[in-house]
Amino acid sequence: MVLVAPLAAAFLTFFLSGRDAASTLRTSLFLALAVAGVTFPVLFAGTVATSVHTWFQLPVLGTDIRWGLASDGLSGWLLALTSVLVPAALLCSPRVVGDKIREFAAAAFLLQATLYGALLSVDLLQFFAFFEAMLIPATILIAMFGGRDRRRAAMLFLVFSLAGSVPLFVAIWYLATVPVMSGHHVSLDLVSLQALVATLPPQARQRLFAATALAFLVKIPAVPVHIWQADAYSEGPAPGSALLTGIMAKIGLYGFLRIAIPLFPQEAKADAGVFVALGLVTVLVGALLALRQREARRVLAFSSLSHLGLGLAAIFTFRPEAISGVILLMVAHGLSAAALFFLTGIAETWSGSRHVDDFGALAKRAPLFSVLFAVAALASVGLPGTAGFVAEFLLLVALWKAFGLLVAAVAGTTVILSAAYTLRLVQKLLFGTSAERNPVPLEFPAAAAWAVAPMLLALVFFGFQPGPILKAARTDLLTRLPSAQALIVEDAPHVAGR
Amino acid sequence: MITQVYFWIFSIVALATALGVLVSRHPIHAALCLIGTMVSLAGIYSLIAAPFLATLQILVYAGAIVMLLVFVIMVLNSAKDEHTPRWDAFGWAALAPAAATAFFLLRILLGADAARSFALRPTDPPAARGTVEALSTLLFGDRIGAWSFLFLVVGLLLLSAVVGAVLLAKHRLDDPAAPSTPRPGGH
Amino acid sequence: MLQVADLLPFLGPILLLVLGALATLVAEPLLSRADKHRVLPWIGIVSTGLAAVALAFTKSGHLWGILAIEPTRAGLVLVLLAVLALGLAALQRNLDSDDFPGGEPYALMQLAAVGLLLMVMASQTIALFLGMELASLSIYPLVGCRRDRSESAEAVLKYFAQGAVFSAIFLYGAALSYGATGTVFLAANVLPGRETVQMLGFLLMAVGLLFKIGAAPFHFWSPDAYAGAPSGVTAFMAGAVKIGAVAALGNLWIGHLVSLSAFPSYMVGTAAGAHFPPISLGLQVFSRILQTIFQVRRGLSVAGFIGFALTIFGATAILSIAIGSLSLLGQTSVRRLVAFSGVANAGFLVVGFLLPGLFIANILLTPTLYYLAAYALAAAGTMAGIAALTGPGDGGDHTSSLTGAARKRPLIGLSTTVLLASLAGLPPTAGFVAKFQILSQLFLNASLDPAILQRILPPALQHLSQGWLLAVPIGAFAFAIVAAAGYFKLAVALWTDPVPNSREPEPVPVLLGWAVPLAALAVVALAIFPRALFGG
Amino acid sequence: MTPQLWLLPALPFIGFLINGGLALFGSRTESGPSRGLSGFLGVLFPLVSFILVVLAWQGLFLERESILRLNHDLGLGLAIPQVKPFVQVLWTWIQTGELNVDFGFRFDELTGIMLLFITGIGTLIHLYSVGYMAHDRGFARFMAYMNLFLANMVVLVLGNGPLVTFMGWEGVGLCSYLLIGFWHHDASNGAAAKKAFLVNRAGDLGFLLGLFLLWQILGTGTPLTYEAIATWFRDPVHAALLASAPVAALVTASTLLLLLGATGKSAQIPLLTWLPDAMAGPTPVSALIHAATMVTSGVFMLARLSDVFAHAPLTMEVVAWIGAATAAWAAVTGLVQTDIKKILAYSTISQLGYMFLAAGVGAFDAGVFHVFTHAFFKGVLFLGAGSVIHALSGEQDVRRMGGLWKKLPLTFAAMFCGWYAIVGLPFGAGFWSKDLILEKVLLRGGPALYLVALATAVITAVYMTRLMILVFWSKPRLSPDAASHIHESPLAMQIPMWILGLGSLVAGFAWADPFHLDWFSRHMSESVGPAQALLGAGTGGGPSAILLESVGVVASLLGILVAVALHRSGKFHENSTGPLSVPARAWTFLFDGIHGVAGIWPVRILSWILDNIVQPLLVGFARVFGWCVEMAGGAARMAQTPRLRWNLGLSVLGLVALLLLLARNIL
Amino acid sequence: MGDLQPIQLQVLAAILFALGLATVMARRNLFFVLMGVELMLNAANLSFLSWSRTMPGAVGLEGQLAPIFAIAVAAAEACVGLAMLLSVFRSRESLDTDAFDRMKE
């Protein structure tokens, strides 16, 4: 099935000759496209699931750990996004990772496989297993191909992520063991967990929710557990960072949508204020920090922080607009941020530096690059006509409806700030004068253009026609999880009815 | 009563020689002391109805093991080891955990009703039952039994010990004295 | 009455291994030096494989009560054989690349495996002691077999001296246990009034075995021994010795629990309390045992014993996890890293002895044994992988000697990385499932009702609150993360760019080339099918 | 039959794509892409678009005329005929929850008039650019941007709902950004572009938030189209509701936020600082975007949502005062400028202020009329300025010009027309529209606003006359270098100038009440009529129009005289900056300072704190923690002593500890 | 007094055991380490035998068999130990255990 495809691809890639980078690239690209070819039917199939087996049982307690795969609109779009980004990353990687293309491809495939696993899991522990397993290829991506300080960054990333998953792990221990003592037959699959959690004492639920949420906060990441992010994204290889921010970070939001909120609806609702506040703080801190970064990819990293913070805040409005908007945001941000990372990576190979001041005048020297970069930047800013606008608009609508104008206004400052830091980046990269004395035209690899351009086209397409994605949320996510549905806020009778 | 007398003699000798092992300067002295301990323990064994064990103790331990030890000491004559101080600060300090071990062992063995519980009772078997016959019957009775199987394992153990000793100590004919230097002719 | 013919199926694996060792010894002088390392390992592998086949035909049962085998132990034996195969393969690599003048190590390793097999199967202290000594006396020379290297001598010196002392301690404990129960069997009723002696005996034997497991504070030998030995031997030690010792310690512990469960007081007053509604038989039995055992606190009660035993295990476990994880963090020596990983994992294994599942005889130690299998495969596999990736003399045993090694041999590098991940407890490896099982059950212990906790806990720990107990699994997990950081450094070294102009690595022998990936595969397979070995 | 409205933005967009492609793929060649081709295409698509607009508008126009004639024939009186606008819904854009937004276009008379001059003047300025930019390396790129701008502007005007408008709204902002920063090798241009974009974004946020509130008033189930909004607000059923305090407050808040958006786009107080900086772009850009079209979209939005604004008296008051204040302030600032384009920029701001003022007093149609006339005369002024700059090889400082009317007679003639219109001399375009505004202001806004507006008219005359004097009439002060290259502009630049110059003389007759020419206001009636009716339009009875117009003319003449007098007295001396002794900087940078204090510096300080204090603290915390763990690891490794006796001793100590525990436990 | 009580032997065994332990820990010469281990093994044997006294029949005899195995093991251990000692001595010309302190961390 879908899960096996990237794994198989990873292994096949691994056995390719390490010497001939070009042929390796070709083969791995073919494999990536094949994986994508397998993935898209899943997206179009809508809600599908395999049968669920028992993976193992905890001795004595009889807690059932299950194993099964299921996909719906939410997973489907993220799967599709993943399957698009991986070949794109491969296309953009040759200049960045050099002769290590085979290893890079293998790691990317592994990352893809674990992401698929996490997205398709029906069991909490199964999800967690993939959630953790994802760290391995992600760490490899950072540690193996990145910049000078990559090991420290990778270490920071690994330790932070592991530490972040501790609370979730503890919550799983609790769910797997303690309810047994009060007479429940426990199984960790997400559907039956919902019923189980409802029977737990409120205090326990509260703590479990906090624990679960913390793990996902680290993944997104949200302030103040974000400090791994900038290093990881800037020290890792740019295509790798693209994958990290493009997909892996989304697992955090996905976790909220799929696990934290459906399992603990009341707690989520009760604590919504905290999370919205966290999200808003993340939005602002990310944007403000992005304004001051000296390295291109750090700007992008904090920009990701800011954008996903908005998603976090909006999820906790529990409004249909927000749910749709978040999915759209994930896709839009996945595409635009990844595109920016890809392009920045290529720009870094030109200047040999990551510092923004070492770029310049790329608009003259590499026009195609500049066009792509500018479009990607504008998409990330959320210019109307790109998917990012629709997503941000929906999220702001949701925030406004749920919390009023002031909150929406605070969140909306991202509109200004994101423009500020993104334009600063654009200015430094594309415009001005070159840092070099004799600027010569630079060769922009056609492969990268072929990789990025379709992503940007998709962004524009979804900017005008976001229907399919929005519908996915509506039909799949909201109908599948009853507890989530119950949460969705009905509109307050509008003013005319008062 | 006479048993008690012997016991006290033997035990004092055993302890004294054991102490001698601890404090003697030269290994050879210690080895001699060790023989003393072995022999007096053999005496005690014979007091508690284990004549065969007493014999073994003298034959194997005192006769073979310690002799081997002495032999090696003599071989390594330079191992007189005048440089190594007999006692140093750590040596003294190390006595403390040993003493503590003894203290706790004794305290637990002697404590509460434990000691009472294994006092000899009139129903206890008579002395002198650890004869060769009794033990060999148990070991190599008319059937294959647990103990004889374990005896085979001991054979295996000795085999491995011999092989191991060979591996550790044998001078290979084709092994140059200084193996760390590159061998002539490749390998 | 048993006939020799009846023994054969039961002892098949052991006999085949012994035969293999003897064949190796016989063939050794007949072969030229180069051929020794080409032929002898294969003899060992064949006999190991045959032993594994024989294992399939072995029926459950016991031999005069001293050796027993049932599916659980058979599973352990299987893992042991796998580790032996890994060890032999790696040893071939070491000795071949060192041009070692002799083939005895192969035989010794098989003999050591026989000893460990006996430890797994033993249910009687003398057999256990003999197995332990057989294993130890075979491994000491293996550790010291590189006589040309001074650290080898140093390692064998320390290992031997400490090992001999703790053997003696074990024997003394066996004697006391014999005195307390009147038999040398592990599960036997205590003679009236000798409970304290029993506990003392248990303590000393447990310490002897904890030494073999390498749990702190009895772990000092392991870094030195691991670092002084050829990496193949390290692989074997890391995996196999732990299997033997943990199995033995488990037998000891279960045996004592079984004999305690037969205590007359167990049968009285076993009404199920209101707090534990009977939902499953297992749980019912569990709650009864908890209630009955711990309610009765006579002066020298069973509760006292269990509480004390839990204290031993708890203290060593926590200490081991902490020391092991912290020490491996900054290691630059590969094998010391693996050694401290062994210490940390020993802590997790010992934690397994605290599980509630232990109180039900038919469940035994499933999570612990699963952990054991996962760890043994991963540790042995890792060391074997390192052996394959380094050159002669194990490349000086510094992580820097491994720089870029995986890039030159991607398959083995990847396998080694997967095995390292298993050691660290990351999915998708068995290490993850194992840690989850053990820690979640431990978590259950800590989440029990405070009133019950007060009864389980030994007096010394009774002032501890529930939060403190929760800290045990959580702290264990936190240290696991520290350890993961340590493994990460090694993995990074494996995958960084190779030093330019470094020479081409020697070809890896066929055996090792297959063994390491298979071990990695096994570790992953064990994660996907966790019930394959021990059920559960 | 509904015209295919989507063609209107699509055509320039195709032009953008083709020209963009040319620019992109031709950039490698030695000479760049073919100028002829891209120039031709660049003008062609707007032209076709313009023709289509004319055709569509003609449809509406003819329909109206026929209805009128019918009404007349039937003797039905002068009821304003309702003309059904063309609406084309293309697809469902956003659908989720209660939100349902269609992507569609709406072509009514307001749109029609806007589009007429947008595409029309747009086409002319494209043509002008062909001449002006002919020697620039990035010619194709420039044409692409211009086309893109036009496409976005059309979307802005043509959108059938505020969200579609918003799309164009941001789109023109983007193009403005791109064009201001067109010469991007100079970092200061980039900075100006960025400033424009950011200030606009701040306004856009207001737009969005205002939209939310508006939507809340409507009830979130209502589709977000202008039609729905107009229907809702015009529905008498809702009158009582709108009068209730909470809803009124909502309306006020909503309109104020929308107003913020409008001020951003139209460079009004408080978001006006970007426009003068925007003059860094090529002059055709200044003419098209920053004078004729884009900056007027704020006014357009006010007119579009006039039904909403009409229900918010407070907002209207604010609009009026913002307009008046901006007009006055910018006019004064215009006095002290020395850069020819900056003078025109402040002039634009000032004129935009008039438009806001008109809208604020409820004369939306007058405001839009001024937009219309302003497009002509400001267009020609900018084009003329461009021509001058072109002729002087880039010289922009009026102090180094003078006496050019002889050298550049054609340019002078065209600019004179523009000057004539802007100062409001009789029968010029500005005369009609400005005096109309003044009249409405006096009628509905009161004397205070009227006086401000009148004073502004005087000042306008002063600085415009100053401009003309310094550039064309006074003694030549050219640098020798510039003087040697001086030449009249090519035909491609001349033609648009003439047409616009002509337009600035006659465009005012679209609504010249004294001549009973009022088709402009009639055409506006469908869109803004109800709102104006609600605000009590037509409750006249003030001074007669003739009198007011005379006052206006007198004001203009006064201004001209003052200017001439000042010039005579040497106040326009070449070294002085202007007629005022107040430092020019203080005027120019007043609002920059305010922005700095209110927005930029807090953000900078905050981000500095986050970057230099908070982030290092967090990272440092993690580092220290990691360091502690490493230290603990070091300590643990130290415990692993290398000596056998220590090892044994420690192990035995462990044993002793366990023995102690046992002893304590059982004894 | 009368018959020899097991507790007497146990005390002797415990003290011997502790003395052996002390020898192993306190002395630096490798020979002493080996001899200390022998002492400890002897103590264990003594303990076995003394317990054997208190038990009837074959059970009691088991306690006499165990030391036989223990002695065998001791012999094997001595064999390996001495071989190790030779090997160690060759490698560093010293039997001082403190001299073997090169393996750090």
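Some observations on this one:
Order of writing sets the chain letters: A, B, C, D and E. Residues in each chain are counted from 1.
Everything that follows uses one rule, which is that a contact is a pair of C-beta atoms (placed from the backbone, for glycine too) under 8 Å apart; a residue touches a chain by one contact, two chains touch by 3 or more.
Keep in mind that this is a model prediction, so the values were computed, not measured.
If you take subunit B and subunit C together, the chains in touch with both are D, E.
Here the chain pair with the top count of touching C-beta pairs is B-E. Set against the C-alpha centre of subunit C, every other chain centre is closer than that of D.
Using CA-based centroids throughout, the chain positioned farthest away from subunit A is B. Comparing chain C-alpha centroids with the centroid of the full set of protein C-alpha atoms picks out A as the closest. One inter-chain figure worth recording: subunit A and subunit E are separated by 64 Å, centre to centre, where each centre is the mean of the chain's CA atoms. With each centre defined as the average position of its C-alpha atoms, the distance from subunit B to subunit E rounds to 5 Å. Taking the mean of the C-alpha atoms as each chain's centre, subunit C and subunit D sit 76 Å apart. Distance between chain centres (mean CA atoms), subunit A to subunit B: 68 Å.
For subunit A, residues touching at least two other chains, in rising order: 159. For subunit B, the set of residues that touch two or more other chains comprises 90, 94, 97-98, 101, 105, 108-109, 111-112, 118, 150, 154, 157, 160-161, 164-168. The set of subunit E residues touching two or more other chains comprises 6, 10, 17, 20-21, 24-26, 28, 33-34, 36, 45, 50-51, 54-55, 62, 65, 69, 73, 76-77, 80, 83-84, 87, 97-98, 100, 102-103, 105. You'll find the chains touch as A-C, A-D, B-C, B-D, B-E, C-D, C-E, D-E. Chain contact summary for the complex, subunit D toward subunit C: residues 629-630, 632-637, 639-642, 644, 646-648, 650-651, 653-655, 658-659, 661-662, 664-667.
For subunit A in complex with subunit D, the residues that touch the partner chain are 156, 159-160, 224, 227, 285, 288-289, 291-293, 319-321, 324-325, 361, 363-364, 367-368, 371, 378, 383-385, 389-390, 393-394, 396-397, 400-401, 405, 408-409, 412-413, 415-417, 419-420, 423-424, 427, 430-433, 441, 464-467, 470-471, 473-474, 491, 494-498. Across the complex, subunit E meets subunit C through its residues 6, 10, 13, 17, 20-21, 24, 30, 33-34, 36-37, 40-41, 43-45, 47-48, 50-51, 54-55, 59, 62-63, 65-66, 69-70, 73, 76-77, 80-81, 83-84, 87-88, 90-92, 97, 100, 102-103, 105. Those residues of subunit B that touch subunit D in the complex are listed here as 90, 93-94, 97-98, 100-101, 104-105, 107-108, 111-112. Interface of subunit E with subunit D (complex): residues 21, 24-26, 28, 33, 97-98, 100-105.
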